[in-house]
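Here's a structure for you.
When the chains are written out, they are named A, B and C in that same order, and each has its own residue count from 1.
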Amino acid sequence: MSGSRSNICLKLSMKTKETTQFQDLESLLTAQFEQHSERIAEGDTPAMKSLRMKHFEAFKAVGFPDSSHEKWRFTDIESALNQDFCHELSASRSDRNIEELFRCEVHNFRSEIISVLNGWYHSENGPLFTNEDGVIYGSVKAAKIAYPELFDARYGHLAHGTANSFVNLNTAMVQDGVFIYVPKGVEASRTLQIIKMIDRDENVFVQNRQLIILEEGSKLSLMHCDDSINHHTSLVNTVTEVFVGKNAHFELYKLQNLNDASGLINNTFISQEAGSNVRTNTLTFNCGMIRNNIEVALNGPGAHADVLGLYLMDKQQHVDNQIRILHNAAHCTSNELFKGILDDEATAVFNGYIYVKRDAQKTNAYQNNKNILLKPTARINTMPFLEIYADDVKCSHGATIGQLDQEAMFYLRSRGISQSNARLLLMYAFAADVINMINIEGLKSRIDDMVKKRLRGELSVCEKCVLHCGTPEKEYHFDIDLSKL
Amino acid sequence: MLLNIKNLHVEIDGKEIIKGLNLGVNQGEVHAIMGPNGTGKSTLAAAITGREGYEITAGEIWFKGTNIVDMEPDERANLGIFLSFQYPVEIPGVSMTNFMRTAINAKREYQGLPPVPAGEFLKMMEEKKNLVEIHSKLTNRSVNEGFSGGEKKRNEIFQMAMLEPSLAILDETDSGLDIDALKVVAKGVNQLKSGENAFVIITHYQRLLDYIVPDFVHVLFDGKIVKTGGKNLALELEAKGYEWIKEQHLFEA
Amino acid sequence: MEVQQNDNILEQVTTSDYKYGFYTDIENDMAPPGLNEDIVRFISAKKEEPEWMLEFRLKAFRHWQNLSEPGWAHIQYPKINYQDIIYYAAPKKKSLASLDEVDPELLDTFNKLGISLEEQKMLSGVAVDAVIDSVSVKTTFQDTLAKHGIIFCSFSEAVREHPELVKKYMGSVVPYTDNYFAALNSAVFSDGSFCFIPAGVRCPLELSTYFRINAANTGQFERTLIVAESGSYVSYMEGCTAPQRDENQLHAAIVEIVAMDHAEVKYSTVQNWYPGDKEGKGGVYNFVTKRGLCKGRSSKISWTQVETGSSITWKYPSCVLMGDNSVGEFYSVAVTNNFQQADTGTKMIHIGKNTRSTVISKGISAGRSNNAYRGLVKILPGAVNARNFSQCDSLLLGDQCGAHTFPYIEAKNETSIVEHEATTSKISEDQLFYCNQRGIDTEKAIGLIVNGYAKEVLNKLPMEFAVEAQKLLAITLEGSVG
């Protein structure tokens, strides 16, 4: 299969044949950039080119973080990076039937699919497309040539700092990704679904980018699935920038479902203008190592954000959620809720951070992180932070770590429910808070199903998707009415 | 005249609520202010007591010979104005005893008197508690925290008894009270009534006036007093509702 | 009683500024400014210390030289020049047998502080150890305590009289390697208090230490060591003041507590170091390491602190819950005004089975100050059924200040339950108007409401301290009404 590929893929090998000298990934990547910068920056506007250089210099100077870094104390990024990778310089082709691969049928859920293979945009509608609602989407590669002014005004403006190594690397080296533009007043009737697949017969390190712009009064719901198709190691470094205009509505559902050898570093920046409404729901079902950096900046009065997450981890999986909510304007509200169930030797990190700027009066911010540990070997580090500089605010936060309620267990069992079913029920009830915040009915019931499967220790994949490794599961029913819990 | 309000205009957030109100209250009198919801009854109470956000754009409020419109709320209180709140506020961690003692000493300081000795203060607490049939345990709790609706209202009357104001404004004190609690509150007010002080009772219904008999009844409508009468006016309003007043007022206007 | 107290407190509100800011002209015996091995030797020699003590200091000093100052706390201050500080300053007359021999100037100082040693002795039955600048000047009630086998003396005296105990426990809870300021203290500490409660003894008195920085340019580096043997109980109080000076003064203390089986230690602090003036000039840098080890089964260590002073506070009184069923508690009120900065909280390290910890923290920020709660709750794998509850509330007065909450929770045992709650709020306008309407002016109303807000913690203080603490809250917040 790999023989049919004609794309350029540069090997990032720690040990070269010529010399026994150990080379780190940093210098391999910087060398690759220096050698191929023409190709990497192909189609960039001058402003984008200088942005690349700025981030490249920052990356070159600082390199990757390690565990001595305050923000990486609990996540072992070093071993995720300490591998041989292939880093593609041109689009992958797959021998599989792409349409079949990306077929995703969910009952009652109409979506329009945008596919991304190994970080490269792929769609039967071509590189740029305007759908019947008037939503424009396409590849970053094509869009930056078609809309240079838009890119100059927005691209890299949210992910602008140079403190984050992965953002630096991404901005320097990324070549493709997804661009979505919702014009003023346009309300997308169908959910857009980005399916990102990793399929390569060797370890791959992928840089990927999303630029999403919602103009004033527009509306979009987006589903974003990260999946891997085989057992190879992959490391995906994604940067997503979302501009939500005045009174616009944006919903983002992220489904993270990769194999145990995969690493995912997801940097999402959302900027909200006055009166806008954002809901993000990050659902982590499977992945070896996952790091979610989510930053939501409420920049205009009356903006509201729901930032939600659910993580169900087992084996030796690790999830690290770093959530920053920046209240930069008065009269904004935010609600942050992350819940997790950790089994086996799984570990989780939660670091919530609510920042209330001076004069951001009448802020109302809520932050909560709740965890259940199922095994003595599971670990959780939670750090719910508040940093507040305005006095007329209501901010509260909470964090809990505990087990399934033994009294509730007994109550269920005394009604004749088996221990394993009672356990499932309680775990499901725990997760329900987050699932119930999904606004799209069809999606909600599907995710509901996936959670149930995941809690039973099965792979939680779509029924019709080729990705699932077994036969489609039959509908799973609990013994009693869940709504009564 | 104890209280003399002349051509009062009050705005909240730029919206005029009281639109040229006149009211005179003499010592020894009980005035009832009635009217439909949203006509400015509570706004009047807030303006007299100096609540922030209630802007007096025109007119005067004379109390004991001083125009008080520019005075701070605590100064007005120390001058002898008391408001029984429609919604008494909870102050966690501050005991009733501590709260009352601070308030009484603030008033005494204003009058140039030394702080009240502890023994005398406690004796006074006991006496006044009996007056409104308030439980001893309530005064050991934090101000209004965990009090029932009725307890809160009785606590307001208790504070009134402690502070002995010259003018007491009762803002919807009857709302949310059952008949027994209403009687207790009325009994307390009647015992505190003297030739020296005066009461302004703001109420939507007539039933409190069965127990505290007013000398004057005023009907407030659209930010003005549109009708004044004796206690029978209250009964008439109870029987006929407010519609006829509205019609009459609109007709006259 | 309560009525009386509150009344007094409110009267205090009207007095202004830092009232402990006087300076006493006491003749001092001083080391030259700067820090090197010779200074460490000088201090040790001055105190006529045995060889092992000097060795301990030198080891700590050499370790300190290799460390760099921590920078992770939410505080900002100009770099401290450790060579400008005088590390030893002692009132000249020493070794006093009775109060008559105490320098009259010094006695006057205590009177100004409101702690006449004599009076304390007579009335309150509190045993006092007073530490001025670096030296413990007087310990009262020693004889009474000796009858119960309780040792309560200056640290220097303990080094001389009870070397075996000091050797055994000093550095066992806070090793000199612990952190930058702990290493510094271990090298140059000048004096402090030592307390030993024998098995089964319930200390009949509240033990108390007053610390005062007096001389200019001096740092204060005292050390406190409390050892509570099996089944014993002691309540220990600590108070502190400093003169008003334009330059910053450094205070880097260590407190170590060891509690054996079923022992209980209650440690209360009312911290009132000079906070600097309204423009943020001067004030004490209060960089303190306090830690208690619940070594025995069912032992209990409880920290209560009221932090109103210092221009910068950096301290995290902690409990290491090693013994099964041991209990750690932390109750804190931290008030910051003007340009004060506080980064304070606790660490609860659960090691033993069924260990419990409670954290109640009330932060109050006013002026242009910043007030951060930083706390760690760590459940180690062996801490089966460990429980923690934390409640960290912040109250903001004014729109130029900051209130921050940085809890760290690490759980490595699935049977543990950890709960953290926090809220940030301001005094509601309804509450203020309600008080105003009852004739209470806004400043008094804030004092009243703040004291009510902090009550849960103030109630944990011994009576003598609670009164002082309430007064301090009101004084600290004076002029904070916008």
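Everything below uses one rule, namely that a residue touches a chain if its C-beta (ideal position, glycine included) is under 8 Å from a C-beta of that chain, and two chains touch if they have at least 3 such contacts.
Keep in mind that this is a model prediction, so the values were computed, not measured.
Think of each touching pair as a link: the shortest run of links from chain A to chain B has 2 of them.
With centres computed from CA atoms alone, C is the chain lying nearest the middle of all the protein shown. Centroid to centroid, with C-alpha atoms defining each point, chain A and chain B lie 59 Å apart.
The centroid of the Cα atoms in chain B and the matching centroid in chain C are 49 Å apart. With each centre defined as the average position of its C-alpha atoms, the distance from chain A to chain C rounds to 46 Å. Taken residue by residue, chain C touches two or more other chains at no position, since every residue touches fewer.
For chain B, the set of residues touching two or more other chains is empty. Residues 72, 74, 379, 381, 394, 396-426 of chain C touch chain A in their complex. Those residues of chain C that touch chain B in the complex are listed here as 2-4, 6-7, 10, 428-431, 433-442, 444, 448-449, 451-456.
Residue ranges of chain A in contact with chain C, taken from their complex: 70, 358-359, 361, 371, 373-376, 378-403.
Listing the residues of chain B that touch chain C in their complex gives 49-52, 72-74, 77-78, 82-83, 85, 88-95, 97-99, 101-103, 105-107, 110, 115, 118, 121-122, 142-143, 159, 163.
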